[in-house]
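Each of the two complexes below includes chain A, the first together with chain B, the second together with chain C.
Here is the complex of A and B:
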């Protein structure tokens, strides 16, 4: 192994990427773990917002529909980098002001929680639209049948609407998940040590920019490939009971 | 009755001529369009009431108002002696009451409306298990009997999309039977089927009529209505134009509109 790396002239890079200090590989992996943690949290939080948002837009009253329209429009209109700066600084500031007013003094807000909160709100706006479209694609008759047999609204959502819309929602949600993994890189701007910031620090300290950014790129690619495989399984499950579309257009 | 366990709601009305459904002066408007202009109808236990009429006569709307899939504008609806409480504008006072009443009304739709992400067996046990809280093993046992009965005993694990319309509709009838309904509502059950598949569905419905199930049946199949119904109602523009026993209504129609209607549908 060492010999191969030596002949390829990669021995120095391998040393830099080593998991143990003085190698920086461990830092990169810690950054990746932070990124994934935030992406996971933000995606889940966004999904939750999206579910309520979509239900509100479809079935809510005028006030709720208008509020949600403002939410999705504003969030989707403003660049994410700007939103992150606004939500992060405004959010932490508001929490601190509130805690000071209640007499608790300043609170230290964890980067992970702030990241999940900020990206989750962004994700929620997109998820609202993805899920709204998916719910609208569910044949009305299936929802009507559930009502006709006396299903209460919440059970109907859980037992019929959500499972039936999953096959329409999965491709859009897979997109959102991949966007979430990469949006974590934007959190570098508020000093959160996710993969991109760790990479930049490692590169700056060692001057081996190419090595580290290539390594980070590879890590993002692995995450994407793995996610693709997972979502393919989810989609297959969500489409159970539907004939395959393959060959339908031949 | 072939039912092994009588529905709980049957206990309050044991007599054969006990009232199953009473509808009084039902009105329904969509915006400024009045679709039902005061329809009254009483079905006793064991009655098979066929509701016929041209397109736009309000027959489907009438059926859908009974279980509040459409909210009536005004009127009274009594199911098994329980009156559905309505506000002045026809909207239900109590959502839970509507849900409870709905579980006693097994509905069969024109477009089947099976849940496509569930197998036939899962479709049939869905309401018993989750709405009526029947133990799962008992619901499965019953569902298998019902699927057997509609000729789909070997298709329990199949998803609806892989079946013909006739098979899907028979499964939908099994799903409706699974709640042991006191009244079954059929909304044009054969209108979406290819002609060669109509017969198999009518056979199942005919069997149900023969065993004394109470049914309201909106249909275009005149021959079938004449054969199975105990009472026929002809709707015209939101009103009952004529009603009576099938032999009389089909054999000797009095209203000119009904005569015309019967001539056009053959």
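Here is the complex of A and C:
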């Protein structure tokens, strides 16, 4: 192994990337773990907002529908970076005001929670649109049948709407998950030590920019490709029982 | 006419009144005394944001056409690299790409003597060529995938008809294949251009002075947090609205069947 690296001229890079302290590999992996943690949290939070947002847009009253339209339009028109800063300051301000009113001092907010809150609200706007489209694609008769049997709204959602819309929603949700993993990089700018910031620190202190940025790129790419495979499995599962369209349109 | 009537529903009038009240409250309760001092810088920053957006979208789209064509109909030795390029661009964060190009190439170039001696060196020492390159490659990567779908969705009969008339291959591409491909994906391209607008503030991290970095500077100089950010959000919404209108104009040119 060492001989191969030596002949390829990669020994120096391997040393820089090694997992033990003189190398920076451990820091990169810790950054990756942080990134994934935030991406998972934000995706889940966004999905929750999206589910309520989509139901509100489809079945809510006129005021709720207009407010949700404003939410999705504004979030999708303003850069994530600007939203992250606004939501970060608003969130920390609100929490500090609340804790001061309750008689506690200033609270230090953990980066993970702030990241999940900020990216979750951004993801929620996109998830609302994805899920709204998916719910609308569910044949109306299925929902009407469930209502006719007297299913309460939550049971209807859990038993009929969500399973039936899964196959329409998975491609959009897969895209959203990839956006979530890549948007965690933006938290580097507010100083949260996720993969991109760890990489930059490692690169700046060793001057080996190419090595570290390429290594981080490879890590992100592995996450992307792996998620692609997982979502392909999920889509296949969600489409079980549906007839294949292959060769139908020729 | 009907559009205006939709705005006059009672609940919308109430919402608009609340919104107007919010705007008036913002105008009086928040601090705007820093605006005159930073206005010239902000105009310059806004101009640079728009300029970067247009330049990188046009260059990126020109790169996306061969990328899409190679993936749609190219032989494997062209389609495989094109696909690899699109996967890498789409699979890694843009911020990482920008930093790789700026810090990576930027630290590599000074070590190569003939680059230091060349005519291009004064430009390569600045940040904006790297910003433009990174944003162009990113747009090309995303659009290459869109154009792949667009090229393969053009009706086969159209191309066969052009062939039957003895049209040369390039004329056929220019007159029939490309226009129809672009028409099919105009709405997608509009959305992608707004995404590109939203990517431009990232170049502020490599010291390019555009509208986002002006707002950061106001925040750093005066410790005013919300006002510059709110104004910035309004600017971005206005540019996004303009892009939407522009693409709606383009889409109106497409004859409907």
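To be clear about the criterion, the second predicted complex is superposed on the first by the 250 of 250 C-alpha atoms of A that agree within 3 Å, B and C clash if a C-alpha of one lies under 4 Å from a C-alpha of the other, contacts with A are read in each partner's own complex, and residues count from 1 in each chain.
In this section, contacts are C-beta pairs under 8 Å (C-beta built on N, C-alpha and C of every residue); 3 or more make two chains touch, one makes a residue touch a chain.
Because the structure is predicted, anything quoted here is derived from the model rather than measured.
Chemist: With the two complexes overlaid on their shared chain, look at chain A and say whether chain B and chain C clash or fit.
Modeler: In the arrangement built by aligning on chain A, the partners chain C and chain B fit side by side.
Chemist: In the overlay, work out which of chain B or chain C sits against more residues of chain A.
Modeler: C
Chemist: Once the structures are superposed on A, label A:229 by its partner contacts, choosing first (chain B), second (chain C), both or neither.
Modeler: After superposition on chain A, A:229 lies in contact with neither partner.
Chemist: Could you tell me if A:141 is touching chain B, chain C, both of them or neither one (first, second, both, neither)?
Modeler: Once the two structures are laid over each other on A, A:141 reaches chain B alone.
Chemist: Of the partners chain B and chain C, which touch A:243 in the superposed model: first, second, both, neither?
Modeler: After superposition on chain A, A:243 lies in contact with chain B alone.
Chemist: For A:85, select first, second, both or neither according to whether it touches chain B, chain C, the two together, or no partner.
Modeler: A:85 sits against chain C, while chain B stays out of touch.
Chemist: With the two complexes superposed on chain A, say which partner A:69 touches: chain B (first), chain C (second), both, or neither.
Modeler: Neither partner.
Chemist: At the CA centre of chain A, how far apart in angle are the CA centres of chain B and chain C, to the nearest 10 degrees?
Modeler: 110
Chemist: Between chain B (first) and chain C (second), which, if any, makes contact with A:107: first, second, both or neither?
Modeler: Neither partner.
Chemist: Name the contact category of A:98: first (chain B only), second (chain C only), both, or neither.
Modeler: A:98: touches no partner chain.
Chemist: Enter the shortest inter-chain Cα distance between chain B and chain C once the structures share a common frame, rounded to whole Å.
Modeler: Minimum C-alpha separation, chain B to chain C, in the superposed model is 19 Å.
Chemist: Taking the complex as given, what residues does chain A use to touch chain C?
Modeler: Those residues of chain A that touch chain C are 62-63, 66-67, 74, 76-83, 85-86, 89-90, 178, 182-186, 188-189, 196, 199-200, 203-204, 207, 209-210, 213-214, 216-217, 220-221, 224-225.
Chemist: In their shared complex, at which residues does chain C touch chain A?
Modeler: It is residues 9, 11-12, 15, 87-88, 90-97, 99-100, 103-104, 107-108, 194, 197-202, 205, 212, 225-226, 229-230, 232-233, 236-237, 240-241 of chain C that touch chain A.
Chemist: Quick check on the complex: what are the chain A residues that touch chain B?
Modeler: 139, 141-142, 144-152, 155, 159-160, 163-164, 166-167, 238, 240-243
Chemist: Using the touch definition from the top, list the residues of chain B that touch chain A in their complex.
Modeler: Checking each residue of chain B against chain A gives 67, 69, 95-96, 98-103, 105-107, 109, 111-119, 126-127, 130-131, 159-162, 175, 179.
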